[in-house]
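Both complexes shown next keep chain A, but they swap its partner, so chain B is in the first and chain C is in the second.
For the complex of A and B:
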């Protein structure tokens, strides 16, 4: 087990470092340095002013030196300074992440509930027609764009009916509506995968045995089908983090909420490269961390993974 | 409220049935099953008769203003964007104020200002009794500290000089209440530059803070009619009226304290909700209304207000000649003649927009009307292109020496109308055998296209407090990426000329050269910011399109 943990942690760190290096190299591919891009974003600027600011931010140093000093600073928790406000990137992101975490975490929880409810209903509904209709809900959820659903709900609830503020006002609805919008979208892949693997489990002979023993459909679903089908859905949960983050950005923009969404939008529109770098690094880290967590949870659901690892082959994730 | 500020053009609900129907149809397409009853209901009084359009000012109340996007850098020199200057305009006072009706600068914090004969020395007399919100006096020493920060930057806080202050050498305090500014080269635009929000005066204590400190609205002290009260980062900023404010610009109808108690600035990035936000009474004022919403908002009894950008260039396609395809001025003239601007106005703009007559706004000092040279004339365009050797190929696109006349435009997505406008231009140029690769509104592309002289067009408008020189003159200017010696000579002559007929002569020559002879700026429409205001809101705007909250009031308090 210790070896497995070490292996996974090492891999995760490697991925984050590679991601960081890739971001650094991507910035070098830009037509000029971040300061020049930032300062020339709206009008002509004196070359001397550009040179001064470049020196202040260290962009006049040789490439390797820039990389090493940035990496060194990163290890001490310093991701640099926003070109727009002069604020530390960590502070800027730190100030906004709370609101996004609240939105994303609530939406994830709501998405799991929606996915479970849809799968349970699509499996247990009495009529085959109803089951088929319910099974088609996840593709529909997936097809509805987050921004469209948000806009329609705001138009209806806020502008037509006047029950919701266009701006976040701390009321229950002003959190619940964005959470629902995001959750609907995020629940779709989970529900699709879960439904598929539940169907597979139902084709296994032991289900027939359970039925023959007189187990109720609800008992079979909850106690046996769901547990055996959970593995693939858990893997999807790891991948969903990306969707969740992208969805948060859109949801925050539509609902005028503070959070990483507006930081991303501002960083990109004002061409604040250090801030963009910090955000990409954060996304990569969160992505890696969540997938690591999912990998670590997997053996609890399916002990065969650890057994495979012990036998020397790469840990096989549920297919 | 400045009585000298122009009343914004107000659109009554004169909308024809046909265009209202088209608004409904497009709304239907977007909204699908939603009921549209609310669209047609509501009082049908015209915007012009709203209770706030005339009548007595009402004291008290809170005005909710929705800006387009939140920002986090409130440092003075960086206020070159509407979302910053629109708010800072009410927090920071300036030395002078531009009165577009008179077409000249009037005293503000400087009770008098003058220049020497060759525009290298400027003397400002500072109004007595003005204080910053932190209690510090706004005296000659404070003005000198501010001017130094604009002219020389604040190296300790990584703050760059203000581009409109090029040539600034030094300031010195003379006597008790005067400041003498010395420039290294003549610049008769210098006084105008002091009227810009980017030359807003802050307390000396603010200037001592580091970059982050000077960027945070919570730590900026100005002498303006409103002061910072609170903020929720990225969600709202609350300003409260400055008690005892008594130094509005000369000629202001309200010389003293603001009528409103508070202004709450919120953010509405989603363009589709801006009209609805006003209609449903959730905001009193919103910026960035899209043309398609104007008629519906006016017909609901609310106001559509067009704030003219007198302090800005017209919206234009600035030409870069780096790819060589547009090296011949005749080709550029052909492209201007190939733009049917009236159709653009009729199709994607609205009555709030005025077709440009030059690169300057119609109301700007020194404007000359070049409309006759800018008229749509596809025949002339084809002839010019034929004569320049660009002949039409089998696919309808012209080519010369095997190279197709295929050009690219870049622009930010800041303007709600720029992308559809270039979509129409793409179609119109197709008629004269030119292929336009339309990347307007694509901010990612803009990052690489801005510094690339091979991207033929940059769709934009710019603040010109320092005249046209600062944006077209430097060799690395992002408008044209060309330093044109003829133009530069005109810019220098303009700066050296005394304000008045002599300078206007050079301004006219600049416009003729830039727009017609060299056609380095294909002008489209005058800059305008279209605001939606609730029927009970009384608001006017500066020549830089910023709302004047100090003069604003709400009819029902």
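For the complex of A and C:
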């Protein structure tokens, strides 16, 4: 067990480090250094100003030295300074992340509920026609653009019915609607995977045995099918991080909410490279951490995995 | 050679190119194209693809310059999707915007397919070290959300369809690499591949004639699904303003323009969005159909 943990943890660290290094290299592919791009994007500036700012941010150093000093600073928790505001990147992100985390966490919880409800309904509905129709919901959900669903709901709820303000005012609905919009999008892949894996469980003989013993369909679904099908659905949770991130940025824009979304868009439009680097580092770390957690939770759900790992073949990451 | 083939053709030679390879069991050869359900889902997709190629055939109205007197008209027989704030026909703008959206998404899928196939084949056939290195690379690509990768590429170069397609494409590499690797690994251990090597096949001929054709089904299905996903990302980024510049009609941009007139003209956002939803749903359905028709 300790060896498995160590192996997975090392792999996770490696991925974060590689992501950071790749972004560092990608920045070097820019036509010139971040400061010059940033300063010359709007007006003519004199070379002296560029040089002082370059020296301030360390972009005048040789490449390897830049990389090593950035990495060293990173290990001490210093991600660098934003070019637009001069604030530390950690402060800039830290100031905005709270409301995004609240949105993403509530949406994730709501998405799990939606996915479970859809799968339960699609499995337990009395008529086959209804079951098929419900099974087609997740592909439909995943095809609905977040920004469009948000706008349509805004149009309907604020302009037609007048129950929702166009800008966040702290009311229940102004939080619930963005959460719902994001949750519908995030629930789609979960429901798809869970439904497929529930269907596989239902093809196994032990379900027939349960039926023969007289267990009710609801009991079979909740007590047996769901538990056995949870593994693959848990894996998809790891991939959801990216969907949640992109969805949050768009949802925040549509509903004019403050948060990471505006930081991301501002960082990109002003070509604030250190800030973008910080954001990449953040999302990569969250992704890797969530996947690590999922991998560690897997053996609790399905003890066979740990047995396989002990026999030498490490389980693949969310395959 | 034919004596070695029966298990091979049973395992699936639907796509194998050489006619001599399959002459042993022609009756088992499947024809994926004849599925009515596939044709039924493919037809509307082809219609939308035709919008991209020949927009003039489907609408006579000008997508760029409108008639100011006719602004903000609700959908009618004359203007199916109504008109916008400049009196332009929204349906004409959707039809003319198809090429922009499809080209960007298509470029993305092409990049993902090409690079993903290369990495996947390398991982599956290049030995343990190559496998480990390429799969860690894929992990890294997965760890950074595709949306953010696209944004970074747009940061580095100027916003526009090419940089957008490139960014979305790089983000798509990971899923293609995984599917190709899994498929090639599956086929590689089948007996007929061993037979092909034993009868004097080199790495390249076996790869070209046996491994890639037999791995193509799920990959093709992913192409359809991923095109839909790419259209979603491209239109999302277009909505945020990182795609084609304003006069150009692009699906996401159309909705972004409609956003300012949410109260006066619901059709400017709702109807183009429905076209996006329909396109992505249909592409996903085509992908599922392809997957089942190629399943052996």
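By our rule, the second predicted complex is superposed on the first by the 315 of 319 C-alpha atoms of A that agree within 3 Å, B and C clash if a C-alpha of one lies under 4 Å from a C-alpha of the other, contacts with A are read in each partner's own complex, and residues count from 1 in each chain.
Convention: a residue touches a chain if its C-beta (ideal position, glycine included) is under 8 Å from a C-beta of that chain, and two chains touch if they have at least 3 such contacts.
All values derive from a computational prediction rather than experimental measurement.
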> When the two structures are superposed on chain A, do chain B and chain C clash or fit side by side?
Replying inline: clash
> Now for A:92: first (chain B), second (chain C), both, or neither, which partner does it touch?
Replying inline: first
> What is the contact status of A:222 with respect to chain B (first) and chain C (second): first, second, both, or neither?
Replying inline: neither
>> With both complexes superposed on chain A, which partner does A:117 reach: first (chain B), second (chain C), both or neither?
In response: neither
> Thinking of the overlay built on chain A, is A:74 touched by chain B (first), by chain C (second), by both, or by neither?
Replying inline: neither
> After lining up the shared chain so the two structures overlap, which partner does A:258 touch, if you call chain B first and chain C second: first, second, both or neither?
Replying inline: first
> Looking at the overlay, what does A:159 touch: chain B (first), chain C (second), both, or neither?
Replying inline: both
> With the two structures laid over each other on chain A, which partner does A:151 touch: chain B (first), chain C (second), both, or neither?
Replying inline: both
>> Between chain B and chain C, whom does A:207 touch in the aligned arrangement: first, second, both, or neither?
In response: neither
>> By the touch definition at the top of the document, which applies to A:245: first (chain B), second (chain C), both, or neither?
In response: second
>> Quick check on the output: what are the common chain A residues between the chain B footprint and the chain C footprint?
In response: 30, 151-152, 154-155, 159, 253-254, 265, 268, 271
> For chain A, which residues are in contact with chain B within the complex?
Replying inline: 30-32, 36-37, 39-47, 49, 52-53, 56, 81-82, 84-88, 92, 95-96, 151-152, 154-156, 158-160, 162, 165-168, 253-254, 256-259, 262-263, 265-266, 268-269, 271
>> With touch defined as at the start, can you tell me which chain C residues reach chain A in the complex?
In response: 136-137, 139-140, 142-148, 151-152, 154-156, 178, 182, 228, 232-233, 235-236, 239-240, 242, 252, 255, 258-259, 262-263, 266, 269-270, 273, 276-277, 280-281, 284-285, 288
> In the complex formed with chain A, which residues of chain B make contact?
Replying inline: 31-32, 34-35, 38, 69-73, 78, 80-81, 153, 155, 157-158, 160-161, 163, 166, 210-212, 214-216, 232-236, 266-270, 272-273, 276-277, 279-280, 282-283, 412-413, 443-444, 447-448, 450-452, 462-463, 470-474, 476-479
> Which chain A residues qualify as touching chain C in the complex?
Replying inline: 11, 14-16, 18-19, 22-23, 26-27, 29-30, 139-140, 142-148, 151-152, 154-155, 159, 239, 241-243, 245-246, 249-250, 253-254, 264-265, 267-268, 271, 273, 276, 279-280, 283-284, 287-288, 317, 319
